[in-house]
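Each of the two complexes below includes chain A, the first together with chain B, the second together with chain C.
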Partner chain A sequence: MIEERASNGFGKDSYTSSRHWKTRLNIDRIMFFVTAACFLLVLIPLFSILFQVFYNGLRAFKFAVLLNEGGSPVSTISGIRHAITGTIYATLIGSAIGIPAGIIVGTYLAEFGNNSFADILRIIINTMVSIPTIITGVVVWAFVVTRVGHFSVLAGGIALGLIMIPLVARTTEEMIMLVSPIYIEAGYALGLTRMRNTISIVLANASKGIASGVLLAVARIMGETAPLLFTAFFSQASPSNIFDPAATLPVLIYNYAISPFEYWQGLAWIAAMVLILLNLDILFITRLMFPETHQSD
Partner chain B sequence: MSQDTTTASKPQLQKTNSISSGILENGSAKVVIEHLNAFYGTKQVLHDINMAIRDKTVTAIIGPSGCGKSTLLRTINRLHELKRNARVEGRVLLDNRDIYAPDVNPVVVRRRIGMVFQKPNPFPNMSIYDNVIAGLKLQGIRDKAILDPIVERTLKVVGLWDEVKDDLKRRGTELSGGQQQRLCIARAIAVEPEVVLMDEPTASLDPAATAIIEDLIRDLRKQYALIVVTHNMQQAARVSDHTAFLFNGKLIEYGPTRRVFEKPEQSLTEQYITGRFG
Partner chain C sequence: MANEKNTANSLLNSLASSDLSAKSLADKWFAPAMYLLGAGIPLVLSFLYLFTLIKESWLAITAFGLRLFTQTSWDPIQNNYGVFTFIYGTLVTSFIAIIISLPLGIMVATFVYEYVPPNLRVTVRNSLDLLAGIPSVIYGLWGIFVLIPFLKRSVYPGLGVVFPPVQSAIGNSIFSASIVLSIMIMPILVSIIVEGFDTVPQSLREAMYGLGATRWEVTKHVVVGTTKPTIAAATLLALGRALGETMAVTMVIGNSNNPPSSFFAIFEPGQTISSLLANEFSEASGALYLSTLFELALVLLVLTSIVNILGILIVKRLKQSYGGQ
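Then we have the complex of A and B:
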């Protein structure tokens, strides 16, 4: 141990001669400044976005906006409550589809994935990740909206769920791969069936990583706009059930921001602020609940 | 089916005895390994292994690293086949019944044969208590009135009870390495196996923890057939009744430990135990 230390730079060898030492210290300083500059460069756009949104959002903000349903642009008491409700509906439906399906697919790929069916499934998942989300929206429109006969928050949720499946499947597979085989073998050696071992040992040991990946995926679908345009569509009232069309925050931002009405543009800023806060909340909860898990996105 | 197995295994046993000289003198075999070949893909790592292992004895498997000790051990509880492309030929009889027969469920085999690994591996998501009863609980036994006494009894067997009885709720992974390994032994014997396999159980432990585990191995021999892989010859000499020397996937010599160490029949064995290679 002591010998090792000596050769690691604490003893007297040529490696630590003062000239080398100085060069190394200088390189170290330069690298520090380069890194710090890059860091600031990244922070500038982030903070300018946050500043813009909060500056404009707070300027237009009235508490009533959160409580009131939508309305005409000339009525200055209309709000964004319908879009908040719609986003919650769509996100919950999306999660109800995307989380279980993603976890099952990811687990299957990680634990039972040594066959050609799994290879095909893996290709499908990788393709799904890269499909533009607007296409997912169109597909759901063709398969769900046209059949049901009208837009609905259910169709929107299905589109979000489809987007979520590959995200959750990938994290699940990655997190399961991180579970050390020594625990999995211990489970089999105790006489657990493959199913039991997969659930109680493999998934249980990967659960923190999976949960944190799942929360990030929830945050991601919450901000999706394109897949909702032809599915949940829009409405000026909160959906009374999942078969109603519904406004969502991202679609409201899109519609109101490009409208000519100043009041609606203000609502769009507020909606943007609410959406960011919801997102930050989820990220914050993730950090708080799973401080030690590495996050892959 | 089981009759076939018994009659068919008779002549094999004779042959087994010729290499397993002195093993079955007074007592019958708990585990019999017959013409066992093991493969990873096309690579054969065990060649025609024949061994009979008696109940309530400690059998040591020694040999240089890479000679197939772990593989041999893992064919006895059908863990080998879980590795990618791993394959087995031949038979392993547990109480005269071939565990590789088509109608045998490997899960049932593994419940009868416990295993302790080289690196202590208590489940990191479980408390000490839950680790001990992991096998039982995951098989569906949840009644605390049954589980509590089992936890106490098995932790006492491995000498861990006094050290941990006040914090059974702590994570198993918070214990020291030696304690973790004893916890793993407790977990293996809590399901009441008949055979306990140990793959270099002290390889990652310090001498004091090693001594405790070795004492424990000698204790456990009263109840189980133990098969212990070690690449430490002193350990084999200290704990085992019988020793098998494996080299390049072949069983070179197998017999009572004293005889193997004092009067090895094969010159290869002698060279290995006198430290000329390995």
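Then we have the complex of A and C:
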């Protein structure tokens, strides 16, 4: 081999010690470092965001902030409790709409969706996932807020629910598709009706995966800001019922971050810390409970 | 094992709890109800979005026609509206974001898929998922208090030496918004490209190695070469995300309704469609003003939907051609 190459004009030594090969090897090595550098460059913002949120959040943190309602920026006892309440309200309403509707749509697609009509529905659902969320806010404003007559946490919850439906539908279908057909056939062989089979075999077997997908969707809507700007709007007090406008953590972060008051900016960092902790918790719980299921956007 | 046991249990339970031969009323209506709800919910929702936006923006559509898109003045007091500035802002921020993050994304995907040992890959994926899971308003917060001061202190002065217009750059500008966007679209870009790398048959790589190619040559010629359609799809889906991104952009773009001073006015404050909506929608008074904002929402919906459907169709065709994995 080597002798042959040598006689073929690659010089005295084998090709592997030739200059050309060394250049190629060096390019490979350099590219390793270049791609690694790109990767680190991409990670820098992630670490910077996490670090800054916890650094600034902890610096401004005091427990009273979590317990006190909102207030003027000059009173240094005002807190973010109203926004936490509002986020819980809006997320619960959103989940109450989004989870059942999403599961029904996903089950339909998986169980009855072996046709070209369902293929079109799938494209619609995938497109709905990526509709800018501010558009949902605008639509819900026209449909709910103008009818009720004022901003309400109910309208905010509806907007979040609409965003959640396609997310849950997609993950439900994916998870049902993973259920082994043997179980389903066994169910039919035992004479189960289609409803029993769908509920007790299909959904029961996919329940873990669906639950993990649902949790991720909850985490996602919890951080949504744009659809709440003209639906739940903002307020300095906790909502007393679902027809009140309400502050939510993301909208509070937005409003306070662009305000000129240092105290409010501190509250924004605290709210960001709370929001990220809630988010991470859900992500963490999902990973702990369902290590085998993994999904990303 | 546990799964099988569960299934057996649930089967026994259903056997015990129901009379199998009898088809109850609920059973009879199950399939029709699923058809009605399962197909109905997405159809009704998409109809609701389109109908509401078209109905509410009809006033502006009939009043301005296509003139709306070429005019640059945005004047709610005179009730005279032109949206060129916002279309410009939306397209330019998204394109710059793609220009920054596409090459980076391909490099990162190469590193993650071709260079990193498989057991590290999970950690890498988790951190990308984490990046994707951070709410966009927190990117905005970070943009205001960390990124913009950094750009003003360390990047713009240096860049200004090479490229004089940057010297006058203020922090809140189209360019700053593009940088935030490029960070935000990175996870979706990388995860789709990595998925694409995964579909390249191992035998192709091995054939190249067998010919004496280095890892970089395999990546460049075979992996990236065969995944070009996936990269195109990833670009489209990331573009769709960037076009509609609201909060982070609103917080760093400067929110100026003045028309761009030149074609390449990326170092001045600007406005995108979504940031305009976030800023002005809840304060809009007057039917025509509101209707114009609705028309902008409609334009944004159509724009992102077209880009996304194109991306989805490419991904779908790829999945079919690779045998549905």
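Going forward, the second predicted complex is superposed on the first by the 243 of 297 C-alpha atoms of A that agree within 3 Å, B and C clash if a C-alpha of one lies under 4 Å from a C-alpha of the other, contacts with A are read in each partner's own complex, and residues count from 1 in each chain.
FYI, a residue touches a chain if its C-beta (ideal position, glycine included) is under 8 Å from a C-beta of that chain, and two chains touch if they have at least 3 such contacts.
The model shown is predicted, which means the values in this text are computed figures rather than measured ones.
By the touch criterion stated above, A:263 is placed in contact with neither chain B nor chain C. By the touch criterion defined above, A:89 lies against neither chain B nor chain C after alignment on the C-alpha atoms of chain A. Looking at the superposition, the partner that touches the larger set of chain A residues, chain B or chain C, turns out to be C. When the two complexes are overlaid on their common chain A, residue A:204 makes contact with chain B and with chain C alike. By the document's definition of touching, of the two partners only chain C reaches A:111; chain B does not.
In the superposition on chain A, contact is made by A:186 with both chain B and chain C. In the superposed pair of complexes, A:31 makes contact with chain C only, with no contact to chain B. Of the two partner chains placed around the shared chain by superposition, chain B and chain C are both touched by A:196.
Residues common to the contacts of chain A with chain B and with chain C across the two structures: 183, 186-187, 190-193, 196, 200-201, 204-205.
The residues of chain B lying in touch with chain A in their complex are 77, 79, 82, 84, 107-108, 110-112, 114-115, 117, 119, 121, 123-125, 134-135, 138-139, 184, 187-188, 191. For chain A in complex with chain C, the residues that touch the partner chain are 24-25, 27-28, 31-32, 34-36, 38-39, 41-43, 45-46, 48-49, 52-53, 56, 101, 104-105, 107-109, 111-113, 117-118, 121, 123-128, 130-139, 141-143, 162, 165-166, 169, 183, 186-187, 190-196, 198, 200-201, 204-205, 219-220, 222-226, 229-230, 233, 250, 253-254, 257-258, 265, 268-269, 272, 275-276, 279-280, 283, 296-297. For chain A in complex with chain B, the residues that touch the partner chain are 114, 180, 182-183, 185-193, 196-197, 200-201, 204-205, 207. Within the complex formed with chain A, the residues of chain C that make contact are 3, 6-7, 10-11, 13-15, 18, 20-21, 23-24, 26-27, 30-31, 34-35, 37-39, 41-43, 45-46, 48-49, 52-53, 56, 104, 107-108, 110-112, 115, 124-125, 127-142, 144-146, 183, 186-188, 190-191, 214-217, 219, 237, 240-241, 243-247, 250-251, 274, 277-278, 281-282, 293-294, 297, 300-301, 304-305, 308-309, 312-313, 316.
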